[in-house]
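Two complexes are shown next, each including chain A; its partner changes from chain B in the first to chain C in the second.
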Partner chain A sequence: MEIIGPVLVSGITTGALYALATLGLSLVWGSLGMLNMAHGTLLTIGGYAAFTAASQLGLPVPLAVLAAVIVGGLIGALIFVLVAYPLSRRSPETFETTIMIATFGVALTLENTVLRLYGGQPLGQPLSVPGAISLGAFVLPWQNLIIIVSAIALMGATALFLTRTKMGRAIRATAQNPDAAKLMGVPVAQVYLQVLILSGMLAGVCGVLVSSITQLSPSLGADPMLKAFIMCVVAGLGNLPGAIITSFGLAIVEALVQFLAGARWGFPALLAIVILVLIRRPGGLFGRVDVRRL
Partner chain B sequence: MLTSLNNGARAAGGPIKIGSALPMSGFAAADGVEFKNGLTLAAEEINAAGGILGRPIQIEIEDTKEMGADIVTQAMQRLIDRHSATAIINGYNVGTNMVEMDVAADNDVIFVHYNTLISHNTKFLSDPQRYYSCFQGDPPEFYYGPGFLLFLKSLIDSKQWNPPNKKIAIIPSANEYSIVIANAIRDRLKEFGFELGLYETVPFPTNQWGPTLAKLRQDPPAAIAVTHFLPQDLAQFMTQFLPEPTQSLVYMQYGPSLPAFREIGKEAINGVIYSTVIGCLPDDFSATYRKTYREKFGANSAYITGSQTYDGLWHYALSASIAGGAGESGNKEQTHKVSEAMKRLIYRGVNGIYHADPKGQSAYCYPTQIKDPSLGMAHQFLQHQDYRTDPKLIAPPLYATDTMKLPPWIKV
Partner chain C sequence: MKRQDIANLLIGLVVLAAAIALPFYVDSRYVIGQVTLGLFYAIVASQWNLLFGFSGVFSLAQMALFGFGGYATAMLCFYFGISVWIAMPLAGIATVLFSLVIGAACLRLTGAYTALLTLAVAQVMYLLIVTDTDCFVMIGTQCRQLTGGAVGFARFGDLGTRAMFKAKFLVADYALVVALFTATMLFTWAIIRSPIGLAFRALRDNPGCAMARGISRFQMQLLVFGLSSFFTGLAGGLYAAHFNAIGPGVLSFSTLFFIIAMVVVGGIGRLWGPLVGAIVLIAADEAMREIGEFRSLGLGIIIAAVMVLMPNGLIGLCESIFDRLRRLRTRSSTMTAEVSGDTPA
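Right, the complex of A and B next:
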């Protein structure tokens, strides 16, 4: 346990971060059919928003995290109003393609804005807690514990929101069949806006958590975005519980491969799993082709 | 010197365009910005001294983003075609396989860079006539290897360190630079009385060190040499290492010289030893440069990075003046003359001495490659003894300002 413990801690922590990043991406993908290429940049902006609030404005930790949530949600809303909505109205038949390109442009713009505002030097996220809990030979850093607990709490809250609230039910109904939802009186455009705001808020917090264990840099969100995309594909597009299970499972596999075979084999192992899964189950482990579910 | 060369000189023509292909965005943007700063400062000083025989210098930048051979080649070609650059002075670009040298050779422009690669020397030696205009402004990364082992040996001989065993763990990342250094250490371990504990290649970039640290804890070595170089990742290594440290010296290279390492790692970095084959020396000679740089670009700016292109441009400007001018872009005859002047001129900059090794046209490395300090760039060993202050220069003895202190995690 002395040796394998840190490997599992690393895997579970990474899994929690992957799951949180995947949750936001999968939510938008599943409900709007929109692969938001700017999702990673929303993580970056969330991290910088918390940094600005805590370091430059001197706000306490809860308010700094709240700042990340608000900024993430706000940019999510702007992406919908300025990009997604106009594109879906003008060319609904090509929306799934055009929105990828458009949000990629948004990502580049936002990333370079961060570079202009904060410079390229990596910065330390002040919202990180030093030290560790020792349980005999097993050592669990506080920061890892905070990340795991926060991510699980946020995923639980999102699940409750989607299943127990009127707004959540509207989102699920729209994801399953937008036309039927519209006929039933669900304001679909408003639902889409809510989904992007929720996704942005989750990305904002995720950015704070990722940067607390790495660093702040304009390209902070690129790696979580790539991993979230992999998790979404392996789990099945738009399947939230599947995406979360896949995130934890693959992150632990990645950590174990890194320990047993060598650190450089972790990512290739993930890619090999993606290929194998797609050959055996083209719709993903938990997905069904052409069916979107939340 | 430049002012006296310029005295009365009034060469015809407009500004001399100096190009630079730098990573101004992407993961190395922090260094790209500093490289640009170094060029800007040097250009201002050179222009204040009359430029190159009366012609002012103008800097043109092209972004190499995430770098790689294709992007860097295109950026360099744009500098030549669009901006008519007569010389290209880069910082570093990763993953290029030194293809920049072909662009410089095909277009007859002076090319100075700080990729810090032995492959520069190899390529130069493959056809010295073709690559006559290509200079590496610092020693190749290879010298980190023997230099590190020489340093450890000196710590043991001077009884500053009593290693618990003879094992050295080597942790490179998956890029040419890191791997060449790691192999240079591994291949000469026995010569210095050490043995290999662990050789673990990590992805580039990387910040999750858990599985690698678990391996280190399985078989604790006397020293850990992390040859990955990104400061943020190295700071994370220390943060994740300290909850369960092994009784090992921790050595890194280059990354800990950057402000980001201290900013992110804070007290976790105290005790880390690192080295760099190029860096602004903390001596009186560079004091004005350091002060001006921080005043101009901010207290957190990394003058140690900007100093590379700063020296590169000064060396070029002096050489071009000695050679009778920069000439226009693609003027092979004049480029040859400038290249010859760059080889002959032993330039003392803020990083120390640039003296071109004819077997590769890179800087000589002191003391590993050349024993005369007036002819080689010092391979500096530094230690972070208090993250709130500048690191201490602990070797080579000629330049050292302090001695090594055992890291706080090592129990005597």
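Right, the complex of A and C next:
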């Protein structure tokens, strides 16, 4: 029985991180049909931006997080302007695969830039908070609480943004039907740019949060990104609420397997679940079965 | 024979002649070694091209299959003490079986879903091997993991070329890789020309129409997945035997994307694309050796830039230049007034 506490704490914390990583990824996939292989690197860069701002420039914590957000959004915008936009204009029919290869090139470039600038050795993120709340056998470190609360707050803010603002409505309209949106006067290219900036900003914060419980390293974002991919696939690519539910569910399962069978079996267990789910429901748990006209 | 077949045959003969001539003109062991490595990559890249370029299956498990072939060879030799010459074909067959299992799980889906699942499979394989710490056998006082762990396998038996050719063994190994490369290209060419190849391309270009014509997408894509894995696994086996070592490094993300970059740079869906890409990228890699630390950085920029600026690769670029020249010539011979408004494609 005593494993339930730690499993829940670690499961919900990683679930919150996965959900946040998945949110940015899924947002971009849902509206642009683009799988951003550089998403993990955006996480890494967010973490390093906060590190630079906090420990090298000596800025206070909120400004450091803001730095991560700004840098993440900026790189998201650059990816759109330099890579995604020209590619989608040039060969829209092969965009789905070409963009994966191109963004991987971007990821390789950015990751190596980080490696050149900061070196390969792991660094400690200065934004972590020590201490824990304990209720009997149940221990919840402050850092985990901060991660869970800020991830949920960010997801709530994103949901509000998407449902309540004009810009959010334009994003959803474009995701549903770009042609119809364009005919209604939505500047589609501008919407795509906003989506990538938003996703970059979310990735920036997510990177800060991830690095606050682990360490900063140039490959920081790779693992959350791979997990986020898996969550997206299980939930059905582009489905935001589904992706968030799946993230928490699978993260708890992963934590449980890691506690029971050892850390190395967590990811294989996830993959097995994913494959079983997809054999039963190829469109994902919450995916819409779309009717294709030929 | 069609014109295209004759062209491919001629190119093939020229490539083969150049490959045979190389060791007679180049004495440097380093160059021969790098060309051998490049040919290994070209073999894997050509099979990925068969899978993605000709059949539209975006799999990210190609290096996992290559690694599987290599590990199968190493483990067969290491645990059963058989010769690498028997182990390699067995490893090739084992790779096909393994690929059919992966394919059955991943190919029910399409596009990005397939890519993500195959990537996850490859990553799980890598993690399970790297984190393997349980002792399987004891060699002397040393603990040995079933999968070789983070170190991998070494000195499990070689091709016998060292004993037979002494100092010239590198050239002998090179000849073996050239032979395997030739077989791979012949195999790829035969598949592309066959009715099955036509079905693969139909599924790539218009899955809906192809399925309406009675082609089963799942079966055909599983078939091409299996077909393309045989030479991939065999190349993995030869790679392990040539270096007399195999480690988890071949399964890494960056090796996989080096292969993909070759296909992209050369030209996706072009028979000779992977070879051109392998030559260009290995040459670029050598040139960037001067700037040492910036190699991966340069590679990343090359991949992204080529994808954006010339999505059909170098061969595609040549094709469009030829096309434009031909059109210019026919236009100038039948020159009329209406040319002016025409914009080049």
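We take it that the second predicted complex is superposed on the first by the 285 of 294 C-alpha atoms of A that agree within 3 Å, B and C clash if a C-alpha of one lies under 4 Å from a C-alpha of the other, contacts with A are read in each partner's own complex, and residues count from 1 in each chain.
Basically, contacts are C-beta pairs under 8 Å (C-beta built on N, C-alpha and C of every residue); 3 or more make two chains touch, one makes a residue touch a chain.
Quick caveat: nothing in here was measured; it's all calculated off a predicted structure.
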**Study point:** Fit-or-clash call for chain B and chain C when the two complexes are aligned on chain A
**Key:** clash
Exercise for review: Considering only the touch criterion stated at the top, classify A:Pro6 as touching first (chain B), second (chain C), both, or neither.
Suggested key: first
Practice item. Kindly classify A:Asn112 by the partners it touches after superposition: chain B alone (first), chain C alone (second), both, or neither? Key: both
Point to revise | Which of chain B and chain C A:Val233 touches, first, second, both or neither | key: second
Practice item. Based on the superposed arrangement, let me know which partner A:Pro122 touches: chain B (first), chain C (second), both, or neither? Key: first
Review point. Should A:Phe267 be classified as contacting the first partner (chain B), the second (chain C), both, or neither?
Key: both
Check your understanding: Just chain B (first), just chain C (second), both, or neither: which does A:Val83 touch?
Key -> second
Review point. Once the shared chain is lined up, is A:Leu183 touching chain B (first), chain C (second), both, or neither of them?
Key: neither
Study note, to complete from the structure: chain A contact set shared between chain B and chain C covers 111-112, 263-264, 267
Study note, to complete from the structure: Seen from chain A, its contact residues with chain C in the complex are 29, 35, 82-83, 86-87, 90-91, 94, 96-98, 100-113, 116, 222, 226, 229-230, 232-233, 237, 263-264, 267-268, 271, 274-275, 278-279, 282, 292, 294
Check your understanding: Okay, in this complex, where on chain A does chain B touch?
Key -> 2-4, 6-7, 9-11, 13-14, 111-112, 115, 119-124, 130-132, 139, 141, 213-215, 217-219, 255-256, 258-259, 262-264, 266-267
**Study point:** For the chain B and chain A complex, residues of the former touching the latter
**Key:** 24-33, 174, 200-203, 206-215, 217-218, 231-232, 235-236, 239-240, 243-244, 258-260, 263-266, 268, 300, 302
**Study point:** Residues of chain C that touch chain A when the two form their complex
**Key:** 52, 58, 105-106, 108-109, 111-113, 115-117, 119-121, 123-124, 127-128, 131-132, 206, 208-209, 212, 253-254, 257, 260-261, 264, 293-294, 296-297, 299-305, 307-308, 311
